[in-house]
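Listed next: structures, encoded as structure tokens.
Two complexes are shown next, each including subunit A; its partner changes from subunit B in the first to subunit C in the second.
Here is the complex of A and B:
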């Protein structure tokens, strides 16, 4: 961590002092323990407030969408976030020339607070201590030690490439960085496991999970790829959505959102981490990513690739069509 | 002048009985593309081919016009199943609309499967303007499938 911090500081400092960018997006310490908030680094003094650690777990790419084109902006990103930036560049939302990517190789990954909160029984912690990979959370009437692997975001558990694929500056990191789990697991393991369940169980699972959804839209707001000016759910001409608490509405929203993200979702899991109800909503999108791989062999995203639903092959599989006999 | 005959007709077909599981008949909404499937349905009619009267047709310019949201919304408001039909691959009036449509259909199909929802409720087919008999056959199949699945309580039981 120290080495990363040092290298990061140097890069940001040179960018700012040489006026190569107008500002750099990074993180600073939040007001609650183990929370980070986005930071605009405009002046050299701001660099002291910058942090970089395992709880910098927002996807900053979302903020780039609000910036006007033609402005040079620096941004500090991990590989999953860089992938989302690539999708946005491919979709002509952002110009590659406007952005200076400072890529940071990931160590183990980032923390998912929903997992922490589940493990400490929904209680609020006011203090935490870190000792190697053990995290001790302290609240009013409890104290609990949790291992890092139990609270890592799922995206990091299944993450395969932790080194930035596209960058302008690469932060130096110690080479012994690797994944936390011993054995090599499949990138889509959770989806594969889930698919093994019976249809009834799967349906019950989604029903139970979506029952909890309050349609707060945190998942949409945190997702860098949800950038429509008017979301179909907010549109009132035509009004697709009746704005009630009915489960069918939630299903409609989440299924449609999943379709909109089909093959585009790059598995940063900002959505799941943002959900205040702890719903693993990303499972749906991940499934559709796996589907693009199985059906169209299109699960890797590179600069210049067309979007999955905006392209086709003449011989795409079509076994699901109803045929006459 | 008021068309009295027409008013009467409307009154006659207005539903009088409450729909119960016994007298329930599947209701299928079919999105047909203007250039092939709609013409195919037309041909079936002109050729007087019999097929179940359970289907209501919405004409769309191209199967590529179908937003998966139309399909989900149809199911939400209570249609028992949905059929989307377009030109055979390669025959699209707009050259490639049905190829894009096919990708969207596969997404929807896999999503239904994954969430454990009966897949029979969404159906996709290719019917050309010359295939009146094929159209009738597909409607029969979809109606049978829907009849087996029963009334759409998918979004209602929730």
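Here is the complex of A and C:
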């Protein structure tokens, strides 16, 4: 981590001092333990506040959508986030030349705060200590050590796509990072396992998770790929959605969001981590990603790739079509 | 005269309840009241109705709960009335709700104060809200003073305190090995019969209580003087601090849904060909659609205006309209925010900007 920090500091410093960008987007320490805050690095002295670690939990690409075209911005990203930026560039939302990508090889991934909270029974921890991959959380009446593997974001546990595929500057990492899993496993193993369950069991799982939803839209608002000026859920002329928290409405929202993200979602899981209720429906998105892979080999999106939803080939697999006998 | 005497008695009604007798107190109360208590779930602690068949009730270890008990009086979705088609006529059915006397037990001081704010809002103006007050008037609050405030707590900066009994009908002080049960309000004197068997409080216990109160207060590290906040904000409506503050906001509504005092609502209709119902649901001012007008114009079109609105509503408009602050300092919005936008930092920025102006 030290080497990454040093390399990152040098790159950011040169970008700022040579005025190559208006600012660099990174993270600073939050006001609570294990929380980070987006940081706009505009001056050299801001660099001291910059952090880069396993709890930089947002996908900063989201914030680029707010910026006008033509403004030169630096941004520090991991590979999943770089792929989300690529989707936006492919969809003509962001100009590649406006963005200076500082790519960082990702080590084990990002901690999901919700998982920590659940494992300590909804209590509050006031400090945490790291010892290798053991994290010890301490609160007023407890101390608990948890393995990093159990609090990493779901997708990070299986991710092997750790090195930036598109960048202007590449941060030097000391070693080649691997997944936290000891064995070499399939990136889609969790989906494959879930597919084996009975439809009723899968439905019960999603139903239980979605019942917690308060429709606060933190998932949508933290997702860089949710950029519709008017989301269907906010449309009131016509109104598709009655805004109540009935399961039918929650399902309508989440299913529609998933379909809109099919072939686009790059599993950064910023949405899961942003969810105040700790809802875990990432498998829905990952399943769609797996389908994109199986059918069009389109799970790892690169610059210039056609979009799964926005393109058509005569020999597209069509096994999803209902056939008439 | 008699009434006055009763009140005096209330003020001094303090009993000692051994910790192992909490369950029998709860059982006693549960005979006459429906109880809402903190309950352990699979991976959290939440307010829920007490399952009276269950054996022994003990407080779970909690500082404060992730979600406030707001929903018990102001539900996330509430049917206001329903209608049915009968031939060519429409039959309107009023809401029928059987509300039993209930007690929210173990509520923290900040959350109890939040009901005072909701009471003020729902009874302001010409009408008082029948849906809220039908439940509110049947609800009593028994607090549990807060020995261990959390990292995001700032109740002392907004007029509260961990041991405040404001808004409560009775309060329990946890002295480590026993509780003091104190009746606070006139309504709360209804509780005297459930605790009359217990010994009266002694001077030493009260001293111990004061020590706990002080230690709890000392644990709140954040302190800001908001005496002039209304005036401060009056001069900052167009300030550029709102652009800075909103820069990190992603405009979700997580803060407003966990807030114990946020009360904005929307009214929707759910209907099919045979009838339907009019429902009231929670709304939140951080959503872009919140103030979208029929013309297409939106007076709060960006995060800047929406962030500002949330602060102004709680720290300026509330003071103007009702002479109280609209925030109880529970810190939930800080914890829940995906970008860790901290309302304490915003308040600091406001006070600093006002000093400079």
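Just so we're on the same page, the second predicted complex is superposed on the first by the 317 of 325 C-alpha atoms of A that agree within 3 Å, B and C clash if a C-alpha of one lies under 4 Å from a C-alpha of the other, contacts with A are read in each partner's own complex, and residues count from 1 in each chain.
As a convention for this text, contacts are C-beta pairs under 8 Å (C-beta built on N, C-alpha and C of every residue); 3 or more make two chains touch, one makes a residue touch a chain.
The shown structure was predicted, so the numbers you read here are calculated from the model rather than taken from an experiment.
Colleague: In the superposed arrangement, which partner chain does A:95 touch: subunit B (first), subunit C (second), both, or neither?
Modeller: So A:95 meets neither subunit B nor subunit C here.
Colleague: With the two structures laid over each other on chain A, which partner does A:62 touch: subunit B (first), subunit C (second), both, or neither?
Modeller: Once the two structures are laid over each other on A, A:62 reaches subunit C alone.
Colleague: So, does A:308 touch the first partner subunit B, the second partner subunit C, both, or neither?
Modeller: In the superposed model, A:308 contacts subunit B only, not subunit C.
Colleague: Looking at A:256 after the superposition, I want to know if it touches subunit B, subunit C, both of them or none. Which is it: first, second, both, neither?
Modeller: In the superposed model, A:256 contacts subunit B only, not subunit C.
Colleague: Tell me which partner A:133 touches in the superposition: subunit B (first), subunit C (second), both or neither.
Modeller: neither
Colleague: Between subunit B and subunit C, which residues of subunit A are contacted by each of them?
Modeller: 246.
Colleague: For the complex, which residues does subunit C have touching subunit A?
Modeller: 40-41, 43-45, 61-63, 65-66, 76-77, 148, 150-152, 247-248, 250-254, 256-258, 266, 268-270, 279, 281, 284, 287-289, 292, 334-336, 338-342, 344-345
Colleague: Mind listing the subunit B positions that touch subunit A in their complex?
Modeller: Subunit B residues touching subunit A: 68-69, 72-73, 76, 83, 89-90, 96, 99-100, 102-111, 113-117, 119, 123-126, 131, 133-134, 137-138, 141-142, 155-156, 158.
Colleague: Help me check something: in the complex, which residues belonging to subunit A touch subunit B?
Modeller: Contacts found on subunit A: 194-195, 197-207, 232, 240, 246-248, 251-252, 255-256, 258-259, 262-263, 284, 287-288, 291, 295-296, 308-310, 312-314, 316-318, 320-325.
Colleague: Touching residues of subunit A toward subunit C in the complex: what are they?
Modeller: 30-33, 35-38, 40, 57-58, 62, 117-119, 121-124, 126, 140-142, 214, 216-218, 220-222, 234, 236, 242-246, 273-274, 276
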